[in-house]
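Scrolling down, you'll hit the structures one after another.
Okay, so chain A shows up in both of these, paired with chain B first and chain C after.
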Partner chain A sequence: MIIQVEKLSYEYSPNSVFAYHALKDVTTSVREGSFTAIVGATGSGKSTLVQHFNALITPTGGSLTVDGKLIVANQKVKELKPLRKKVGLVFQFPEYQLFEETILKDVMFGPLNFGVTVDDARAIAQESLIRVGLDSTFYERSPLELSGGQKRRVAIAGILALSPKILVLDEPTAGLDPEGSASMMSLFQNLNASGTTIIMITHDLNHVLNYATDVIMLDQGVVVFEGSKETFFNETDLHEDYGLVKPPLLELRSLLKEAKISFNAHTLDINILAQSIKEGKHD
Partner chain B sequence: MTNIALGRYIPTNSIIHKLDPRMKIMNMLFLMVAVFLPARFYGYGILSVVAVSLILVSKLKFGFILKSLKPVLLMLIFLLVINIFVLRTGYVVVDIFGLLVYSDALFQTAYIVIRLLLMIMITTLLTATTKPLDLTLGIEDLLAPFKRFKVPAHEIAMMISIALRFIPTLIEESQRIMKAQASRGVDLTEGKINEKIVAILSLIVPLFVSSFQRAEELADAMEARGYSPTAVRTRYKQLEVTLKDWVSLFLVLCVLIAVGTLAWFV
Partner chain C sequence: MSIIEIKNISFSYNNVDLALNDVSLSIPQGNYVTIVGHNGSGKSTIAKCIIGLLQTSQGEIIVDGLTLNNENIDAIRSKVGLVFQNPDNQFIGSTVKDDIAFGLENHRVDPKLMDEIIDRFAKAVNMSDYLNFEPTKLSGGQKQRVAIAGALSMTPKILILDEATSMLDPKGKSEVNDLVKQLHSQTNMTIISITHDIEEAYQSDIVYVMNEGRIIEFGDPKDILAKEVLLKSIKLDIPFALKFKFALNKVGIIVDDTSLEGMVKEL
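Then we have the complex of A and B:
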């Protein structure tokens, strides 16, 4: 387990009238190399949980271990700084974090903060930009003159440039068109294939179905599901109980069932499903 | 960041909260005038008693008021040092290794300190007991007579209410940006001076960009709904001056006259 969370609690503005318990005794874990989706309604504590992963906030109760580093309540932020490099966190709408005059400089900003030399940082930045699909014509342009989707790519390249072992994404495709969203997701899939552990907050169960391996579901600061994607979709109806939109594939499966057409009822892969219908195969 | 005390509304629902905002603003102005009358310690004594009792009546916590005073502390020390060097009248109080400290330097500093403290207490009383929206309505009404002299009363009130509305949004936004930059290794608390400058830049530039964006979006949204600053508008919230408002004005005027008389004789 690359991340192990033990009875973690987090309270916003403790001891005041605004006190709010965002996480209550959360115990969960993330497998190394997995593509873990964190789902749950707005206000369920997803964003609060992932901010613990790179020690932006420390728990008010309990603890977590991230890649062997123990984080407990009231810990000094200074000694946790190395975690920020190991765990790259891409916030929702990350384009607002761009501030340098040129795109290349902005992507170099992260590595430079962690003591990489200017030449190395430039090389890393160029590599990261190519990864997100921006070529050398973009290097000297101002990040402010790009389109929304391109800005998002630059911001993500800024995090990739830290070469994180774990990449945490908070709704990375929010506000993107379907095409941009699909290419963004395949980027993360490639990263995952090359060994990066990916943790992604999302409301889109279709993305969970197509890309994730594991699922953690939160509701009002409590873990209500933790396990593989297959278990989540095949053995529970949690997504329905908590008001998430059913992915088309599951919709199709229930329609097939109604129409009494035989098919492979356990696959979450559209191609295998199609094949099984063609062959009229039971299981 | 969220515990900024200055100018924050505290809903304790006291009698002062229920006063008409226009009258409260007038009262505050009169008390401010009283603070600036040169009535020496007698006048300040009266005003301090008034301010403290008003705080008690308003059910605000003294800790909250003290918090609002904190930012002024540095300025007070600065003032004292300047005064010690500049003012050389009165009698010598102490002799610090040849540096003579005169009585007037101490008195002047004390006067300024007391005035500042009183001013902050009085203005905090106003902002802590009046909802921001009521405050702008009050300002708009009080400025209305000056429309004849081309004072854009409504526009000023609208600007103030928009500015107030966006304070929490901007605080939230800056926290978001700070976290995002911290994830890129920015450390606002440590590092060399040039690292700190870059760190602050990485916060301020995005904040500016998003503020301008927000301003444009808001302007578009207002225009889309037909907003025109010159249009005659009606109001959902009707302000009404009642007996307790007149009583409050009367009491404040009494204080003003008392302090004024003292200033005349002292």
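Then we have the complex of A and C:
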């Protein structure tokens, strides 16, 4: 397990009237090399959980171990830098991650901070920007004077530039256009195939269906499911209670099943599905 | 009758590149329209021009019969509710309650009625338990719910939603959509929803398609969103139901319906 969370609790503004227990005694884990999706309703604690993974916040109870590094409640984490290099976190709101004067500088910041030379940092930044679909016309522009989807791309590029061992993404495709969303997902899939552990918060069960290997589901600060993607989708009635809705492909499969039409129930490819319906008709 | 009439507007942030390039559109009163387009195609810029937050370099904007100019800007803003793409850019109050109240005060709502209105809309978006919380210290989806409640509570004549539900869980998203549709039918509110959700656009009365600062197509989503080659060439996609329909066509099965339920019945 690359991340092991043990009885972790997190309380916002403890000892005040606004005290709020966002995570309650959470025990869960993330497999090394997995593509783990974290799902759950609005306010269930997803963003709070993942902010622990690079010690942006630390538990108010319990502990976690991230790639061998133990983080315990009420104890200042020493030597954060190696952890920050290892675990890259892309925020839910990209604005809070952008601060340099130009986009190129913004993406170079991470590598420079970890001791890469200016020339190398520039090359890494340019490469990262290309991967998120931003060409050289963007380099000298301000990262804050962009459209919503463009800001998200810069924020993702900034984290990619660190080549983290664990990439944590908080709703990375929210606000991206359909092509941007698809190409970002295949970028994450490629990184995963070459060994990066991916942890992704999403409300889009299509992405879970197509890309994830494992799923963790939260509800009101508690883990209510953890296991393989296959198990997750087979226990389908789980979804609606927790704010989720079936992806259209699974909706279609249920409709076909109800109508007693035979089809290939294993494919994720709509053309193969259609072909199997045609073949079924001749039987 | 058109409630919003935009005639040949252009806009540039830097006096070089045109974020909007000769855009015209005419939105019929009481319609639910969607605007789709790639990142950076100019969608949010249009929304900001309509409420006069950005000033166009040429062209004309007429909202509910009033031409947008210095004289009419306040009157126009009182007719239009805009939910920004990033809800944090919208919050003024230090609590959820104050935040909604602030908007109502601006709209000169009778203070005696305020509490009831605030409670009703907070409840409608499921945020009743958070009235005394700081809006900026909420989860992403909760922020979006509060921003939507704030805009809806003023029951504007025109509601512009700029990716306002992009971070809601699917159930929350459909609850908010139902709420919006309910207000839409009760008050004949005109809704303009900017979205990347092609399935949502498929449900609207009219869809506008933007590409590089221009509106390149508009009309009935059943026709427009079937243009697979065109949409893919501008970074968009077609609804799932149409993907299934086309996949069936490819293997020689012809169906007429455009909904999944309907197509499965025909099989």
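Following the convention adopted for this analysis, the second predicted complex is superposed on the first by the 243 of 283 C-alpha atoms of A that agree within 3 Å, B and C clash if a C-alpha of one lies under 4 Å from a C-alpha of the other, contacts with A are read in each partner's own complex, and residues count from 1 in each chain.
Please note the rule applied: a contact is a pair of C-beta atoms (placed from the backbone, for glycine too) under 8 Å apart; a residue touches a chain by one contact, two chains touch by 3 or more.
Remember, it's a predicted structure, so these values are computed and weren't measured experimentally.
Q: Give one of first, second, both or neither to describe whether A:Leu70 is in contact with chain B, with chain C, with both, or with none.
A: Neither: A:Leu70 stays clear of chain B and chain C.
Q: Applying the touch criterion given at the start, work out whether A:Ile130 contacts chain B, chain C, both or neither, answering first, second, both or neither.
A: A:Ile130: touches no partner chain.
Q: Which of the two partners, first being chain B and second being chain C, lies in contact with A:Leu162: first, second, both, or neither?
A: Only chain B is touched by A:Leu162; chain C is not.
Q: Go through the superposed model and pick first if A:Gly243 touches only chain B, second if only chain C, both, or neither.
A: A:Gly243: touches chain C, not chain B.
Q: Per the overlay, which chain contacts more chain A residues, chain B or chain C?
A: Counting contacted residues of chain A, the larger count belongs to C.
Q: Of the partners chain B and chain C, which touch A:Ala193 in the superposed model: first, second, both, neither?
A: neither
Q: Does chain B (first) or chain C (second) touch A:Val118, or do both, or does neither?
A: So A:Val118 meets neither chain B nor chain C here.
Q: Go through chain A and flag every residue that touches chain B in one model and chain C in the other.
A: 18
Q: What residues on chain A touch chain C, complex-wise?
A: Per the stated touch rule, the residues are 12, 18, 40-43, 47, 92-93, 95, 145-150, 153, 171, 174-182, 203, 205, 240, 242-245, 248-249, 251-252, 255-256, 259, 261, 270-271, 273-275, 277-278, 281.
Q: For chain A, which residues count as touching chain B in their complex?
A: Touch residues, chain A against chain B: 13, 18, 51, 54, 56, 77-78, 81, 84-85, 88-91, 94, 96-99, 109-110, 113-114, 144, 158-159, 162.
Q: Spell out the residues on chain C that touch chain A in their complex, using ranges where they run on.
A: Answer in residue numbers: 13, 37-40, 43-44, 85-86, 88, 133-134, 137-142, 145, 163, 166-174, 196, 198-199, 232, 235-237, 240-241, 243-244, 247-248, 250-253, 260-261, 264-265, 267.
Q: Quick check: in the complex, which residue numbers of chain B touch chain A?
A: Per the touch definition, chain B meets chain A at residues 2, 173, 176-177, 179-187, 189-190, 201-202, 205-206, 209-210.
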